[in-house]
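Chain naming follows the written order as A, B and C, and within any one chain the residues start at number 1.
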């Protein structure tokens, strides 16, 4: 049962995408959208229960273990939220003229194709299939980023596709090297399979694996938005349509992180855990440090959120770099928390931008007076991103901190704390200015219900995870940590 | 053919690949760069055929054939078509002088040889001279992409980089599984198509080169 | 195919090179003319030019010093001495130490230097300009030549040209390794630069703005000019012989018998003819590069040579 689900799961969004191409009516398309996402989510929960009960399942090139399940759950929840959000957002966008009614079906089809490639990325056991799916995500999302058709969007899409394709070419190179090392030991049969490689990992040649891991780190790190390869991220995430931005920041960069984690486990088994941890630590610190000044100097709200993603990906990688059970648990938890919170932030920002007609934060003032619920969500998201309790990001950041202190990385911790404090101040300043005060230039329309519903869903998860972690989820995370740490 | 002869032929093809790489870096006109990358793909197809006769692996024949058809013929033809039809400026516009790029390319080549020399005896057993050539090609392709302002020359750099990875994959592992190689080629085709469409779209609407748009900053 | 080359053979080869140099130039001119669909001058025309010049008197600028008179002779001497180092008829080290490939390159560089000094000495504007341009090209060309020599010498363990050629042996095409491809590519890039042909320099024109080498010859006249011209012919054939010795030394004779020597001469002639055809084709296909683009062009050769060296060492 679980095994069949493994190949059904990628099929669901693919079928949805193809079905989208058959009709032009917006309502039917939105209905298909939400329906397809719900089916995907339901099937994933069934799979999750099976795996929690029975352990990892595999079928051919696909395999799901607890680690992949964490990412998969994030993906389907966000897809569902995005689908709900799109219902209301699209109506407004078509009315304003940002999206053309005739080309809606290709938009929806592309979004679901994008989701399908991400599902394959998460489920892939074969490293080559992982790469192909990752390139697939690049191609589909590049078209989506430039979807509005104006020159900024196309510029962002071009930068995105060039930089990430180079990046994952490096990743392919690293994959080839690891395959070479594995084929040398295993004799070629199944040397592309992650689970098979893990079994012989201690016997792999450490020199080749080292070089391979560095290439993979640079390569998939570009896709994940690690500095100094992050230059495409603020442009791409800000120019894309808002639901796509939520998916990009919330899930896609996490898929790239999953790829890095898979290779990290191989490298840790072959060269000892210290080497990949050092590399991760360096990249994590650079990301956190580089993102901070840009966050402070930002005017465009979606660009701000993009740089925030760079920051938080840096925190995840720092957690992985600190290592140990706590660090890895914190990192994985942060993946989920940040995904949920960032999507919420993009949703709130998207509705605010639609209302005020501008992305400039100085133009958005007094949101609370015209759209109280939306403003509340925006404030909540901003507080959460800044790391305020009782929201989820606080918990995971604290865990990463604890891991760092536990392993004695004092310098890294000091830098990390300094950056977090600076960002806290900056973000609160921006958010407060937007939410409070006299409304200027705002449309006074009533708030659409579907975006609010999506935001409510995500906010609920955010608060829940901030207050307590449900037992089943906790067990899942623990087992996932075991997969990584060994 | 003995393993030694195979090794020598692969080494020779590696040298020819390096030569075409140098031509790509030093090209001052975009059409010369496109011819050079087509020649590069041709050499890789030959390398695939050689390895296929040596190991008797049928997959390699398929890969060599597909590489020849797609990367040596189809993609360069598409690029040439864009150059002709769309009145793209013929010069490659470098960000730093071409002489400086050549120096960097030399540094990259030396560094990649040094890097694979540090791998020691394992490298020799597996790869011979193919690994350093592959790394050099990949990194030089990225160098070309980073130092050019026109979209088409960036795409040429991308193809050259992919060629480097392909060569390494073929020579190092005697061919990755067929599905993976086909998938990789398909991905490259799709990426090239999407990029071509973007280039044409921007050129027709804004009449500028897409790689030169630089409003997004900060 | 190998063996020592006694002094007599070395002197014979040297004289042969000097005598055949103008013939090569004539062949290239004829080939270029045919490619351009015209008849072209006779293949032996350079000889007639040299003879004409030897009969004429010398005119010297007032500002030139006494040293100027001796420049043509010195240049010719240096170039001919370089010719003694190239194995023509037979591969193998010379019977007594003459000098190696580095000496050859040094002698050619000396000749170039003396030409430039002579041009400067005469005090004319064209001479100065030609000399400065030639000197801009020289530091890009000579190190690359040396690197190519080194990369080939590393495999043979010696820089002595005859021994290098002997080491390669007859199976040259299979013995070519990756580094040799790149070294040969570098040499092909450099040949027009070293012989003063398009795309680096235009040997047919005497317009002041388009010449490098010719500019330096403007002040010479009569037998002096004849010596300089003969030196440039010899330089050309010496460079071609260098390429032949480094990369395809097939055919050099085995014994001392007349038949073997003729065979060696024939093989050498064939190789030189092939390279000369290459030069003619390049000259007919490309335009002369502007001076500031020449470093870019030579940069290709530089990178190829450096990569060849790296491939050998690493």
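Worth a mention:
Here is the rule we use: a contact is a pair of C-beta atoms (placed from the backbone, for glycine too) under 8 Å apart; a residue touches a chain by one contact, two chains touch by 3 or more.
All figures in this text were calculated on a predicted structure; none of them were measured in a lab.
Ranked by C-beta contact pairs, the top interface belongs to chains A-B. Among the chains in view, B has its Cα centre nearest the centre of the complete protein Cα set. In terms of their C-alpha centroids, the spacing between chain A and chain C amounts to 64 Å.
Taking the mean of the C-alpha atoms as each chain's centre, chain A and chain B sit 31 Å apart. Averaging Cα coordinates per chain places chain B and chain C 36 Å apart.
The set of chain B residues touching two or more other chains is empty. In chain A, no position touches at least two other chains. Chain C has no residue in contact with two or more other chains. Remark: chain B residues 8, 11-12, 14-16, 18-19, 22-23, 25-26, 28, 98-99, 102, 105-106, 109-110, 113-114, 117, 129, 132 touch chain C in the complex.
Of all residues in chain B, those touching chain A in their complex are 115, 118-120, 122-123, 125-127, 134-135, 138, 142, 145, 151, 154, 158, 161-162, 164-165, 168-169, 172-173, 176-177, 179-180, 183-184, 186-187, 190-191, 194-195, 198, 201-202, 205-206, 210-211, 213-216, 218.
Within the complex formed with chain B, the chain A residues making contact are 126, 128-129, 131-132, 135-136, 138-139, 142-143, 146, 149, 151-152, 154-159, 161-162, 165-166, 169-170, 172-173, 176-177, 179-180, 183-184, 188, 192, 205, 207-208, 211, 234-235, 238-239, 294, 297-298, 303. Residues of chain C that touch chain B in their complex: 174, 176-182, 185, 293, 295-297, 299-300, 302-304, 306-308, 310-311, 314.
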